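One chain, subunit A, appears in both complexes that follow, with subunit B as partner in the first and subunit C in the second.
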Partner chain A sequence: MAYYAIKGGEEAIKNSLDFYADLTNSADELEDEVLIKSLTFSIDRVMSEGSLYSKKLAARSIKRSAGDLLNASFFLRAHRSSCQRIGISRTIDINKMRLSRRISSAFKDIEGGQLLGPSNDYEIKLLVDLKNEDVNIEEYSSKDCVIKSALSPLRDDDLIKKLPKEEKIWDVTRNYPSAPYPRSAVLQVMSRAETGSLLCVGYTTMRGYGDIHPTIGDLRIGELDIDFTHPFTKKDVKVGSIEATAVECVGTFNQDENGDTKLTTGFGFCFGKNETKAISMSMIDLSLYNTHYSVGGEHIIAADFDMIMHHLDGIESFGMTNHFKLPHYVTFQTDYQIFKSAQKYSNDKKGDAK
Partner chain B sequence: MKREDINSLAQLVAKAELKKLYTKINEKHSIKVLTAPTEQTLLVPVKDPISGGEFYAGEVLVTSTIVSVDNIKGWSMVMDSNNKLSLYTAVLDASFEANIFKDEIKTLLKSAKKAEEKANKEQNKKVNSTRVSFDLM
Partner chain C sequence: MRYAFLDEEAKKEIRRSILKAIAIPGYIVGFASRELPVARGWGTGGLQVTLALINEKDNLKVIDQGCDGSVNAVNIRNFIKSVTNVNTTTKTTDASIIQTRHRVPEIELEERQTLVYQVPMPDVLETVEPNISKAKLLHANADYSKLWVLLYEDTSQFGDSRISNRYPVMVNNRYAMDPSPIPKYDTPKLNDCKALQIFGAGREKKIYAIPPYTKVEPLKFEDRDFKVENFDGKSCSRCGSTNSFLDEVYDDEGITHYYCNDTDYCDSNIEVGEK
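Up next, the complex of A and B:
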């Protein structure tokens, strides 16, 4: 397919933008702070898919796109590419998360307990006014909840399958790898992927296109510190903290490459509070690196590295799909002319035969 | 309090309070902006529990500034798009190092830390109130 430059239409484009502004400008009446506090899950989703942690800009992007979250992520991703990257923060470890929510459906009793956190999992999804029960939290502990993953004891006992450790961390924003894809690139792609795409592919692993029925070993939402080096003292400084979601799902016990029987797991991590995304990512991770799960050697989407690496990014798929709205006159006319010529040739042949 | 605590603690202070102290420092000392507040990103690596390796989860938007106060350099890197906050924080960083208004800086940051700790405790009570152990039927 070829692209062709177009010209003209300035007046119509100007008027169209003005019309769009008329339609959407009332979103500017919403204060950023109000949006950040009230639509917290939308803000988090946009930051995660835009791959830039900035609540202020996420709020501005949501307003600019009048609530179209995919479009908002696009604004954020574009802004990201316009900023200088100053460096790399210290590596964050999910075991150091200050938890606001922590669930394990694999273990009933776990060290530190299960924390439902702020959740509506157990709410009836009916759009009716529900009475808020009176709660009294004064009697509860005010201590921070920093708890190791529920899978840590199994890891300590060497019961969990390990994958080879990579020496170099790949960065797909600077250099997109070719197959075979490094694990760090695969996880990065999924961490910034579109939630719905991950959910769709993750769901295939449980339905007719895979045979995984994972359990959530450890789902955690909370805050993690971002540390960097002070340029003058050369000591670590806390820049701030981010909210994040991490999930370790567990499959079943299987033989690994060395013949040892180990528990298979998958990992999901994303910015903000987005457990659907992190769960989906962990399921796909489990499927990718444990292909023996695949049903009878059939083609399994969630175990196909090419499929995962090239189809989950919301900004890319959104951009590619929407570009078809732009003028493709020459492309279509070329096809049309070829069809007409072929049709004439075929008719002429039929005439000759008579 | 260490110099390295200033960057995160200053972000907890109300901007009006920071501005007040900045103005006081500016009236009596020479503040030079060496690198104006600039939006930058920090790449965030995350430990992968399965391989023990790492991967990049995304980038965090930060605003950085370098100043000098009476020729002593100060720096800040604050979260998000926050030019004023970054400037004030860098000035506090330099002033702390230069022993300028050090007690006022400490007092301001300590009170912000206290307020933050109180808010965290309230939040923790909410979190801990949701601890559950389901019974099997």
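Up next, the complex of A and C:
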């Protein structure tokens, strides 16, 4: 090995990028529109984890990373940092969602009924083509379907525990809070979280780390308008609409601070069609804010704010995990010297004992 | 592309955090931490500090593990150059901003210089108290007993602390601070340093600083010496230096060679020799 091993990073990077391009370039041949239409769940996942609502940029990110979705989200996040923020839209009310799918497993009968919409939940997952025959698509109205959350009647009857309303909504992308974390920040972190991580932590609550068996009170997918106060005219204008998933789950009951017996709920919300993620988020929200409603122990992962705030972000955990690929020779050299001297010390001690 | 990549609000916020960090040496200041086109954990904290500070008059040097030419250093330097068009250098003496991963340059820094560290774990208490809320309280009370216990247990078992790099330091007699994973060899260089030292942790969203001429001491029992890496009897096979941090490199025959870890220092030694 000659001295040049220590230098030469620039050339090495160029070569490496070239090889990578060979491996992945054919993804460029895919049309954005084709990706958006055909890989709709990938697009939605990348927008949700990349925390930027743009199907077109999501498609481009997926191509740039040749289908590595975490990497694709990383492209979106990085792009976001160069965008100036113009303002904050008005609060969205999920009750006003134009539904394409809405189910509730808590109630047999709900206002507006169950709306299965597009779903393959009941599909037999076989890699052979079974024809979906004898389908009589029911007459359905093309009118917007807007129905309130299935939990609205319970809420109207004051049966559900309410958390205090935050006066000012926190924005984790502009100002990251330190503990104790405001709920708006916690929900944002979960909404941007890596789907698998969120599912994993959500799953722990069903397996003894928190005794929660929530019921889906209302799961909905649909379109939401984004309203914005025009900076000059001060009038409300609609700047566009987004597709989103929202879930309210229902947990167990207990007595609240006033001694009233109340039911607990958890809330999940994310961009696009992301049911598993939204359900997981609602379960974690439930266990974070209702620990004493849980029958099991209170010291559980899904009820630990630090755990939730710092371990679910895909871009962050992926970056940190991959940074181990960078050279570490300074620290290893140092580790090695310390190890040698500790070894010598314990060997000497052993010798003394004899 | 916007000058220095980040939007103006972000740069303003980072500058504010830096000012606060300088005002309270060793204290950890939170900031929003934007995502960059470089992965988290690859130096995004240092990058954000550099991007918030840099202007056309600056001369930038980026090192990774002592080397200007390593992949990460090259990448970061190219990125900053592409979004600012500032001059870059590999010469420590010529640089006004030096962004570093895990080394303090061998040549003594000067007043006009700023050393920006890339930090993976900003809170020195993390190993002994992973709960951030509790760690914050310990810092507030200057309660570093858990660190002392760790130090004591290691010393009794292994003769010295097992902490090899990122050795905890006490800044200005008040805050225990993580100096980023620099070797112990570099720890004494933090003390009374003429240059401003800023530490940025992107993933953990924290900034802290050591202003020039500030007292920085390694945490150590009074009756124990602070021992740094020992290269006695070894010298750089390239420039012959006997007073620098050396990398151990095996050649194809399996023979060990030593080279200066600080590549600019090594180059300068050779230049001086040639003259």
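Methods note: the second predicted complex is superposed on the first by the 319 of 354 C-alpha atoms of A that agree within 3 Å, B and C clash if a C-alpha of one lies under 4 Å from a C-alpha of the other, contacts with A are read in each partner's own complex, and residues count from 1 in each chain.
By definition in this document, a residue touches a chain if its C-beta (ideal position, glycine included) is under 8 Å from a C-beta of that chain, and two chains touch if they have at least 3 such contacts.
The structure presented is a predicted model; accordingly, all values stated were derived computationally and were not measured.
Undergrad: For A:Thr205, decide between first (touching subunit B), second (touching subunit C), both and neither.
TA: The answer is neither, since A:Thr205 touches no partner chain.
Undergrad: With the two complexes superposed on chain A, say which partner A:Ser280 touches: subunit B (first), subunit C (second), both, or neither.
TA: After superposing on A, A:Ser280 lies clear of both subunit B and subunit C.
Undergrad: Compare subunit B and subunit C by how many residues of subunit A each one touches, and report the one with more.
TA: Touching more of subunit A: B.
Undergrad: Quick check on the superposed pair: does A:Ser61 touch subunit B, subunit C, both, or neither? Answer first, second, both or neither.
TA: Touch partners of A:Ser61: none, neither subunit B nor subunit C.
Undergrad: Can A:Arg85 be said to touch subunit B (first), subunit C (second), both, or neither?
TA: both
Undergrad: Per the contact definition in the header, classify A:Ser104: touching subunit B only (first), subunit C only (second), both, or neither.
TA: A:Ser104 contacts neither subunit B nor subunit C.
Undergrad: Based on the superposed arrangement, let me know which partner A:Ala342 touches: subunit B (first), subunit C (second), both, or neither?
TA: second
Undergrad: Just checking: does A:Ser149 make contact with subunit B only, subunit C only, both, or neither of them? Give me first, second, both or neither.
TA: Once the two structures are laid over each other on A, A:Ser149 reaches subunit B alone.
Undergrad: Which positions of subunit A sit in both the subunit B and the subunit C interface?
TA: 80, 83-85, 173
Undergrad: Quick one: in the complex, what on subunit C touches subunit A?
TA: Counting only subunit C, the residues touching subunit A are 1-2, 5-10, 13, 30-42, 44, 64-67, 69-75, 101-103, 120, 130-133, 136, 157-160, 162-165, 181-185, 203-205, 229-230, 237-238, 245-252, 259, 261, 263.
Undergrad: Using the touch definition from the top, list the residues of subunit A that touch subunit C in their complex.
TA: The contact residues of subunit A facing subunit C are 1-3, 5-10, 12-13, 74-75, 77-78, 80-85, 172-180, 305-306, 310, 315-316, 318-323, 326-331, 333-338, 341-342, 345-346.
Undergrad: If we count contacts the way the header does, which residues on subunit A are in touch with subunit B in the complex?
TA: 47-48, 51-57, 79-80, 83-89, 91-94, 99-101, 108-109, 113-119, 135, 137-138, 140-145, 149, 151, 155, 160-166, 169-171, 173, 183-185, 187-188, 191-192, 226, 228, 230-233, 235-240, 242, 244, 248, 265-267, 269-271, 285, 289
Undergrad: Can you name the residues of subunit B that touch subunit A in the complex?
TA: For this pair, the touching residues of subunit B are 3-4, 7-8, 11, 38-62, 64, 66, 73-75, 77-82, 97, 120-134, 136.
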